[in-house]
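In the part that follows, the structures are each spelled out as structure tokens.
In the two assemblies presented below, chain A is common to both, partnered first by chain B and then by chain C.
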Partner chain A sequence: MNSNHQWPTWEVFTQKKQGAAHEHAGSVHAPDAEMALLNARDVYGRRQEGVNIWVVPTNAIIASTPEDVGAFFDPANDKMYRSPNFFKTADGLKTI
Partner chain B sequence: MLVSLILAKLISHLGFMDVKVKTDDLSAKETAFNNSIKDGKVIEPKDWMPEKYRKQLLRMMSQHAHSEVVGMLPEGNWITRAPSLARKAILIAKVQDEAGHGLYIYSAAETLGMDRSEMVDQLLSGKAKYSSIFNYPTLTWADIGAIGWLVDGAAIVNQTVLAKCSYGPYSRAMLRICREENFHNKQGYQILAFLMRGTKEQKEMAQDAMNRWWWPSLMMFGPSDKDSPNSADLLKWKVKLYTNDDLRQRFIDRTVEQAEAIGLKVPDDKLKWNEESRHYDFGEINWEEFFQVINGNGPCNKLRLKQRNDAHSNGQWVREAAKAYSEKRKAN
Partner chain C sequence: MTELNIALIEYCLRIADNSLIHAQRIADWTGHGPILEEDIAMSNVSLDLLGQARGFYTYASQLEGNGKSEDFYAFHRGERDFRNRLMVEQPDLKDFGFTMMKLFLNGCFDYLFFRDLMKSRDETISGLAAKSIKEVTYHVRHAGDWVVRLGDGTEESHQRIQKSLNELWPFTNELFEQNEVDELLIQNGAAFNKKELKVEWDAMVNEIITKATLIIPSDKIYFHSGGINGVHSEHLGFLLAEMQYLPRMYPDAIW
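Right after this comes the complex of A and B.
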């Protein structure tokens, strides 16, 4: 017995409520976008987990590589002055 | 920028030397991996991982996914015979959840580089293992109660811990599953509680289900760790966080009280609260039976495999139709 056609995978993102950011939920297999949405609803939305779903072909997602984490994020690492905690201000002030 | 790069190189170089000195047999990468797990780091799909970690996880996760899928069969047996429309609707929702759980875990397992179709093929050909509990028959309606309460109860103990495991996609799938299992657990308990308030025959039926499902439920945690070949590695890598025996004990401790509350007797003469250890002592598990069932000689092994294969081939036309439709739409 062969399970033959392997449909492509789609990454599923669900939005919990209006105004919230979409969050990755997992993936589904589907032959096209419409079926991917329906499958995503049945797999990741059986308990009113969301008000909106995105499906994205898995191979359309470009991710940074963990090995390059140091060099890749370096531009942020050496600019601690971007954090407000970097600055010392007068003691006792409540508004800055 | 340049200074920080040089510094980073220097640090990584020093770290590398440090590792080299300390260990002879492990590669620097693997030592770094083991250390990051020790520090509580969660591993994500694209992170470097030892081949054995990947293999063990794939083995565990595919077995787990198969168990969810095969788990639908004994319960599906009672959908058409549920005693009321409400019970039927609830059972259908529960069985649908099990399909969903299978899919969450297959999806998580695929992040390790194995196609779902390959895992499904291993299940259908009988090569892959699944939880031995599903090779027992569901003889009466009370068995549906016992499965939800005991089998899903044992699964909850197991999965609550797995939700904290070191592999991100698996842990996230477990969080989702745990939220849903509590419904399964309670609906099962309620079926038995209801029967235990019923006629003499209904009480006997509930007790009979308890008698048949108790010991196989304890076996679900797997053999004692001294006889469990993979335990040491899995514990080191935080794929497992507790031993099989620890989790079994945890399940017994929380379940005995639930049984007593509705008047069910645990079928174990040696079961006794131990004031000193603050745990229940319990009798010897029949491991001979466990290994017989695992190795294909349980009451329903052949039936389950046949049912699963039938379900798969009966769905063939649906898969083909969906594919043909998407191709037709692409062509237009």
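Right after this comes the complex of A and C.
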């Protein structure tokens, strides 16, 4: 296959257990959603990694740029009060 | 040993041989897949089949009870001892569509076969069937998906997958073959009548073949058979020579 005719890529998100957040696992090539799902299963789900898979066309993801770092993230640096650090949580609570 | 146990051993070896030889054929694709993802997928399928073979070999060795290991069955028997269907031993590494069609036709049968076998009165067999059917369900989905894509794809892919179907069809009658071993186990509730799966298999296969715009070959052709009696095509000997070379040449080899 000519490198100019590669299938489009899809981003793969796997869920480790029910209720947990889907996490980015990597990407696969596929011509459509069904094959993207099958390929994602084969590449990222073959070692019991999870219970659910999402695939999303890579070009559907809108990412912030490196230039955005300052405006997006720096203002949070000196505002501890925005973090929920000071709340007491029940013992044994793991998913927060 | 009871007559029933002898039949069970033979039955397990048939299932295991089918899986092992099919696994070995598909493993030929490792490193040669059309794209990386498919390469990984085929290795996964091969390892699924290998796992099935190990389960049934292990059970056969327990029944036989003379210290034979799963490796004995895989590496130290000759071609006349192997009980696999002729379809699975046909060389795969010539056309990707051929491999997918073979996996699909076999997978449809194995799905129905293991579904019945989950109700076996023999708990080890029903357990192994329950584990295997999940894998086979995926193989049918994966291979069926490709059969439709290639059949309903370009003119060339259509023509090539139709050729694969034509080449494999003469091996499909053997899927339903059985003999006195099956009959004894059927009487004992350990196995089920494979001939009764034909109608459902036809329906499963037809659905995908129709979707793929392909044509099922005529039934007025010569159908191959012989696997359950250890009579094979010329390909199995070469496969075994390669697969068995290392453990026969270096009997003490370990990982």
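Quick note on the criterion: the second predicted complex is superposed on the first by the 69 of 96 C-alpha atoms of A that agree within 3 Å, B and C clash if a C-alpha of one lies under 4 Å from a C-alpha of the other, contacts with A are read in each partner's own complex, and residues count from 1 in each chain.
Operating definition for what follows: a contact is a pair of C-beta atoms (placed from the backbone, for glycine too) under 8 Å apart; a residue touches a chain by one contact, two chains touch by 3 or more.
The structure presented is a predicted model; accordingly, all values stated were derived computationally and were not measured.
When the two complexes are overlaid on their common chain A, residue A:L38 makes contact with chain C while staying clear of chain B. Of the two partner chains placed around the shared chain by superposition, chain B and chain C are both touched by A:W7. When both complexes are overlaid on chain A, the residue A:G70 reaches chain B alone and has no touch with chain C.
Partner contacting the larger number of chain A residues, of chain B and chain C: B.
By the touch criterion stated above, A:G92 is placed in contact with neither chain B nor chain C. Overlaid on A, the two complexes show chain B and chain C touching the same residues of chain A, namely 1, 7, 28-30, 35, 42-43, 46. Partner chain C is touched in their complex by these residues of chain A: 1, 7, 28-30, 34-35, 38-39, 41-43, 46.
For chain C in complex with chain A, the residues that touch the partner chain are 34-38, 40-41, 44, 138, 141-142, 145, 149. Every residue of chain A that touches chain B in the complex is listed here, in rising order: 1-7, 9, 26-32, 35, 42-43, 46-47, 63, 65-67, 70-71, 74, 77-78. For chain B in complex with chain A, the touching residues are 1, 4-5, 8, 44, 46-48, 93, 96-97, 100, 103-104, 107-108, 110, 115-117, 120-121, 124-125, 169, 172-173, 179-180, 309, 312-313, 316, 319-320, 322-323, 325-326, 329-330.
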